[in-house]
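Structure in C-alpha cells, see below.
Going in written order, the chains are labelled A, B, C and D, and every chain counts its residues from 1.
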Amino acid sequence: MVGFDLTLTTAGGETMQIHFIEGNEAIARGAVAAGCRFFAGYPITPASTIFNTMMQTLPPTGGVCMQGEDEIASIGFCLGASMAGMKVMTATSGPGISLYSEQISFAIGSEIPIVIVNVQRLGPSTGSATKAADGDIQFMRWGNSGGLPVIVLAPVDVRDCYTLTATAFNLSERYRCPVFIAANKDVSMTRESVAFSELTAPGPENRRTAPPDREYQPFAVSGGRMVPDFLPVGGQRLVRQTSSTHGMDGYITTDPAAIAENRERLKNKILAHRDDLALYSEKRVPGARTLVISYGVTARSALQLADRLEKTPDPVSVLVLKTLWPVSEGLIRKKAAPYDRIVVAELNLGQYVRELERLLPDKQVRFTGRMNGNLLTPEDIKEAIAHE
Amino acid sequence: MVGFDLTLTTAGGETMQIHFIEGNEAIARGAVAAGCRFFAGYPITPASTIFNTMMQTLPPTGGVCMQGEDEIASIGFCLGASMAGMKVMTATSGPGISLYSEQISFAIGSEIPIVIVNVQRLGPSTGSATKAADGDIQFMRWGNSGGLPVIVLAPVDVRDCYTLTATAFNLSERYRCPVFIAANKDVSMTRESVAFSELTAPGPENRRTAPPDREYQPFAVSGGRMVPDFLPVGGQRLVRQTSSTHGMDGYITTDPAAIAENRERLKNKILAHRDDLALYSEKRVPGARTLVISYGVTARSALQLADRLEKTPDPVSVLVLKTLWPVSEGLIRKKAAPYDRIVVAELNLGQYVRELERLLPDKQVRFTGRMNGNLLTPEDIKEAIAHE
Amino acid sequence: MVGFDLTLTTAGGETMQIHFIEGNEAIARGAVAAGCRFFAGYPITPASTIFNTMMQTLPPTGGVCMQGEDEIASIGFCLGASMAGMKVMTATSGPGISLYSEQISFAIGSEIPIVIVNVQRLGPSTGSATKAADGDIQFMRWGNSGGLPVIVLAPVDVRDCYTLTATAFNLSERYRCPVFIAANKDVSMTRESVAFSELTAPGPENRRTAPPDREYQPFAVSGGRMVPDFLPVGGQRLVRQTSSTHGMDGYITTDPAAIAENRERLKNKILAHRDDLALYSEKRVPGARTLVISYGVTARSALQLADRLEKTPDPVSVLVLKTLWPVSEGLIRKKAAPYDRIVVAELNLGQYVRELERLLPDKQVRFTGRMNGNLLTPEDIKEAIAHE
Amino acid sequence: MVGFDLTLTTAGGETMQIHFIEGNEAIARGAVAAGCRFFAGYPITPASTIFNTMMQTLPPTGGVCMQGEDEIASIGFCLGASMAGMKVMTATSGPGISLYSEQISFAIGSEIPIVIVNVQRLGPSTGSATKAADGDIQFMRWGNSGGLPVIVLAPVDVRDCYTLTATAFNLSERYRCPVFIAANKDVSMTRESVAFSELTAPGPENRRTAPPDREYQPFAVSGGRMVPDFLPVGGQRLVRQTSSTHGMDGYITTDPAAIAENRERLKNKILAHRDDLALYSEKRVPGARTLVISYGVTARSALQLADRLEKTPDPVSVLVLKTLWPVSEGLIRKKAAPYDRIVVAELNLGQYVRELERLLPDKQVRFTGRMNGNLLTPEDIKEAIAHE
C-alpha cells in the first residue's frame, strides 16, 4: 500500500537511491523530517494514506499516531499535544476541514502551531469520492470565525509534498499559526519516482521558548518581534490558555485597547511577512506576452504547455504559486508586470482568480477552470489563451 | 425578556401600535410571517433570544421549535424538516457556524432551502462573549467545501431584521439554497420602538413543486429556469437525496459532463441573478465627492455622518449594502461611478473591502475598520475620509 | 394511533364512559393523574406509544415532553428536572435500561425520584422486536453498580397500568428512589375496554420539603423517618448534589462511619417498608393444594386456569404479585403456608423463582417459563402442575 | 508506576525470580499469557493500571491497545476485534460496567468471547473513588437485558489475578460468552511479591473453528456440543452476525421453536457445566462446626481467622469461591454438608448470601458485610460467628 524504495545500478556501476512514492507518503516523510511526533486524524479519502504512513512511522520511534473518534476529536488531540510542546499534524479532506473549523479558530486566536493537510476532493459535501478539485482555496483562508489570516502552501508534485510540508512545520512554529497544505487527490495519490537526493527540506526550526530567568507574559512580544515566545510547558511557570480574548498575561479581557492590539498583531504577524513567505517557481520564456498563473496539480499542465509552445510564435511564461495565503502581493505584481495578458488556471469555478483581479487592476485577467472530476489539460489552458 | 407591544394614544385621540423589540425578536417574527414552521438551534449568545422567541411562538400554532444536542444536530434537524417540506430556520453565532459548515455544503449541493441567522460576535473562537463584530463576512461566503455560492443579507436595524428575514425565506425557496442573515450583537440585541405598520415584508413565496402528472426528475430543470422543482414529498413518487455528485435523476454519478452541468448550474442559478438580488439603501448628497460604502450596524454611523456633513463644504454620500453575497457588481459599479473616493467601513479588519477593490480598480478605495468590541463611530469614518 | 373514549348507552338509557386503550396509554394517563409534568425518552418499541401519548398530553398543559438524542441524555434530562422539583417519568425497553444504568445508580445514591417504565421485550440485545418477555426482572433490581434496592411494580392489565403508575409516583416521592414499572409488550400494547370509573388511583403524594425556617441539611433525617426532606430548590438555600459518597450536609466524604450510615439508610428506607409496599391480588380456592404464583401478563393465564379448575377435583389458587421488589417476604410466606406445592410461572427462563426458592425452603417449588416470543397459556401452567 | 521484577540470590547462591506487582499488572500479564492481543478501555480508577500495563505490553508485540472515546466505544472495539478472531479484554469499574451493559447483552446473544475485568469500587454511582467494595456481584450476573448467564471469577490475590485471568480467556473461547473478573480496588492495587514460578496458568485454549470443507451453519451445534464452532472469519464463507434473534444459519427469525432452542442452549451451555466451572480453594479444619464462605479480598480475612482459631476450641473452616457465577451448586452443597453453621462474609450489604440461602435451606446462614470503604477484618468475621 505504501510506496517503496529502490536502488538502481547504472551501466557504469553507479548506484542511485530511488523512492517510488505518492504525494501523501512524501507529506508524511516531510513531516517526520521536520520533527513531527504527533499525528491524529479520522479516515477520509484521499487523505487516508497519510494516516497509514504515519501509523507505520511514528510509533516505532516513540511518536504518537492515533485515530480520533471523529474529526473534532482528532484536531483537538493535535492542539492539546501542540500546546504541550509537540510538533503536530492532521490530515483530512474538505468535509473534514468543515469539522475542524471551530478549532482552527481556536488555534488562530491562541496561537497554537499545527500543520493541517487538506487533500481536496470534488465537493460540495461528499461530492465525488474520490475525484480531484481545488475547491477549498478560499475555504482554507476564510473557513473560520473572525477572518484572521493563516498560511496555505500548495504542492505541485511529490517533491513539493515533502519540501513544503517540512517548510509548513517551520512556519507554523515561527508564526504560531495553522499552516495548511493544499494538496488534492491527484497530487497526493499519484506515485512518482524521485531520487532520495531530491527530497530536501530546510532544517527543522523549533519554537522559541521564553528564557527561564525572566518574568514571563505568555502573549507579550518584544524586540520588534510580533510572535510571543512559547509557553514553556513543563517548567515552573503556570501555563494559561483561553479561547476568549485575552491580554498579554493570558487572562481573559474585554479591554478594547488590549483586544485591538492582539487582533492587529494576529493579522500583521503574518501579513507583514508576505514577502518572506512568497514561495514560487516559474518558467520565463523570452518574447512571451502571456503569463499563466497557476498552482497545485494544474501547474503541471501549465508548465507542459509552456514547454510545447516555447519555440512557437506565441510562447507563454508560467508563474507557479506555492504560497497561496497570505497572497504574495509584491511578487505577483512584479512577475506580472511584463505581460499583457494573465491567464489564471484553477481546478475550480474561479477562486484564486479573485485575488489576482484585485491585485492586477490594469491587466486583462482571464480564467480557466473546471469542476467535473477531470484535470485541466494543457489544451484547456491553451484554449483559454487563444480565446478572444 | 422578550420585547413588548404598546398602544400609544396621541393628544388628538389617535392610536398607534408600537413594538419595542430587539432585532432578534424581529427576525423571529419575520420568519413566522414568511411561513417558517420549524426552528432548531443550540444556545449561544447573542443568538439565543431568537430561540426564545421561536419557542414562545411556534409550538402554540403547531410549529416545531427544538434545541438540538449540539449545533451539528440542530442544523441536521432543520435540513431534514426542509426536505420534508417545511420552511426552516436556525440561528447561531460564529463558533456555531463552524459546526454547521459540513451541512451547509450538503444544503448547497442538495439544494435544500434553509435560513441561517449568524448573530456575529467578536472572534476568533470564543472571543469576547458578547461584543459585536462583523468578522464572518467572508466566512459565510466561503466557509464550506467546494466554493459554490450562497446568499447573505445584512440587516441594519430592527425593521431590516423583520423584512430581510422574510425576504431570506423567499429567496431560499426560490433559489433552493442556504440564505444567511448576517446580523451581529448590536443589531440583534438593541431594542428599538417601531410602528407595526413599518414591519412590512413581501408575501410568502412557496417552493415550486413538480406537477403530479408528469414524469419527474428531481434535479432536472426546464423552460429556462435554473432551479429544479422541489421533490414532492409525501406523494406517490420516490424522493431521492444524496450528498454525492448526482445527475438529474438524483442518482450518484461520476460522469464528468453531468457533474459539470450540475456545478455550473449551482453557481449560475445565483450569480446570474445578482441584479435581482441587489438589495440596498442609499443617501445621495448633491456635491459629494466621497461615497461611504457600508453595511450592518456600521451603516448607521455612516448615515449619521452623512446627515451631519450634509450642509458642510465636504458632504458625503452613503451606499448601504443589504445584499453582501452574491456581490451586487452592477449596482456597486453604477453607484460608485460619480465619486472620486470610496471609503469602506466595516466592523472587522478588512473583509468586504477586498471585493470593492476588485470591482472598482479605477477608484481610490480606503478602508476603516475595527475589531476591539466597540462600534465604529461617525467620527471614526470621518477620520478615514479626512486622512490623506 | 392512540386509543379512544366512548360513551355507551344501555337499553335502559343509562350511559357509561368507556376507554378503549392500550396499557401504554393507561401508563401515560396514570402518570399525568399523579402529577407527572416532565417526560423524556428515546424511541424504542414497545415503549414508544408512551412517548406519543405524553407528547399529546403534556405540552398543552404546560408540561414538557421531549426526545433526547439518546437514552443517556433522556434519563439525564429527567433527573435534572426531578432535582428541580418536577415529577418525572421515562420509558424504554431492555436495551434502553442498559443505557440508563449509570444514571439509575446516580438516582439511587442521590435519592432522586423518577419513574422508569420498562416495557420488556424478548432479549438479550435487540432480540425479537417486538415480542414479549419478562426477561428483565432481575435486571431492574440489580442492573446498576452497588446493589442498593429499588422498587419494581408489575401491572397485569390496563387498569393496573393506570393505577400502579400513579402509585409508582407516590412511592418515588415518598422514598426518593427510582420506581420501575415492569410492563411488557403484551401488557402495554393490548387494547382493552375499561370503564372510566375503574381507572382509580391514589391521590397524588408530593415530596416533603424542609421547613423554610430551620437550619437545613440536605441528607439528614429525623423523627424516625428514613428519607431526608427534599432539597428546597428555588429558595434561599444552596442546593448541593454529588454523585460521590456524601454526608448529611451533601458534601463529599470518605468517612467510613458517614458512608456506612448512608448506605444502610439507603437500603433500609426501602427494605424496612417491605410490608407497606406489598401490592398483590389473589384468588383463593377452597380445597386447593397448589398455589400458582405469578405476575404481569402471565398472571392472566394463571387466573384463567384457576377459574377453569375451580369446580374440578384439583383446583388451584393464585397469588399475583404486583410488587416484585422489594420482595414481599412476609406476604409470600403467609400466603404460601397453606399449600403443599408452589408453581411459579414467569415469561423467562427462571428469574423470580430464585427468590421464592429462597423464601420457601420447606415447599416444593416448581417453575414453568418460556422465552420464545409466545405467552404462557393456562395449559402450559396446568402441565407444570400435573408434572410429577 | 508498573511493578518490577527482581532476581534474589540466596545465601547458598541460588537465584530466584521475584515479581513485585499489583493485581492489575498480574491480570494484564495473565491475559497476554492466554493469548490476548487486543485491549480497549476508558480510564477509571482503580482499573486504569490494567490499561497502562497493556499499553506497555501489547503494541511492541504487534497487539493493539487503545483508549476508546468512552466505555461504549471501548467495548464495541473489543467485540469487533473478537468477532474478527482476536482474544480481547477490557477493564473498568462499576460505572463503566453500566455503560457496557447494552453490548454485554449483544455478546451473550451473539456468543462473542470477551474477558471483562470489573475492578469494583464503592458505589453506587461515582461513590468513593477509590475505596473497595464487592458491590457488583449481582450486577455482573444480572446487569443486562434478558437474564441469560455469564461466567464470573473472583481472584483473591495477585496469583489468582494471573491465573484466573488466563482461565477466563479459555472459558470465554470455550463457551463463547463474556467472562468477568470480579476484582476490587484492594485485590487490584495491592502490590505483592510473588515468585515467577507461582504464576502458572493453563495453556491457551483457542476457539474451535468450523472445518473448511463442510457446509457451515454459524450457530448450529452437533455431536453433543452446546457451543457452535466459531465463524471462520477471513475465509471464503460469508460471516453473518445479528443482534436480533436468529436461527442456526445466523439469519433473523421470529420462529418460536428456533428462538426457544437458541435461548435454552445459551442458558444450558453454561449451567450444564457448573461442575466443570467450579473453581475454589478451602481450608478444612477438623472439628470445626462453622464454615465461613467467602470470596475476593475478604477471603483473606477469613483464612487468617481460620489460622488463628485453628488450635482453639472453636475452630472454623473456610470455603473460598473463585467461581461466583454460575453458582457451584453441587460443590457448595457438598462442602457445606458437614457444618452446622454457615457464615457468609462479603464486602457489600448482602448479595451472594442470597444464593447460599437458596441452596442451603436446612442450614443456619449468617451474613457479615460492610459497605463503608474499609475491608472486613478477621475480627469482624469472628464477631459474626460468635453472635447468637
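Everything below uses one rule, namely that a contact is a pair of C-beta atoms (placed from the backbone, for glycine too) under 8 Å apart; a residue touches a chain by one contact, two chains touch by 3 or more.
Because the structure is predicted, anything quoted here is derived from the model rather than measured.
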| item | value |
| --- | --- |
| Equivalent interface positions on chain A and chain B, same or different at half | same |
| Intercentroid distance (Cα basis), chain C paired with chain B, Å | 53 |
| Chain A and chain B, separation of their C-alpha mean positions in angstrom | 31 |
| CA centroid of chain B to CA centroid of chain D, Å | 61 |
| Touching two or more other chains - residue numbers and ranges from chain C | none |
| Graph class of chain-chain contacts, one of line, ring, star, complete, other | ring |
| Interfacial residue positions of chain B with respect to chain A in the complex | 93-95, 97-99, 101-102, 104-106, 108-110, 122-129, 131, 133, 135-139, 141-148, 242-245, 254, 256-257, 259-260, 263-264, 267, 348-349, 351, 354, 357-358, 361-362, 370-374 |
| Interfacial residue positions of chain B with respect to chain C in the complex | 59, 66, 68-69, 73 |
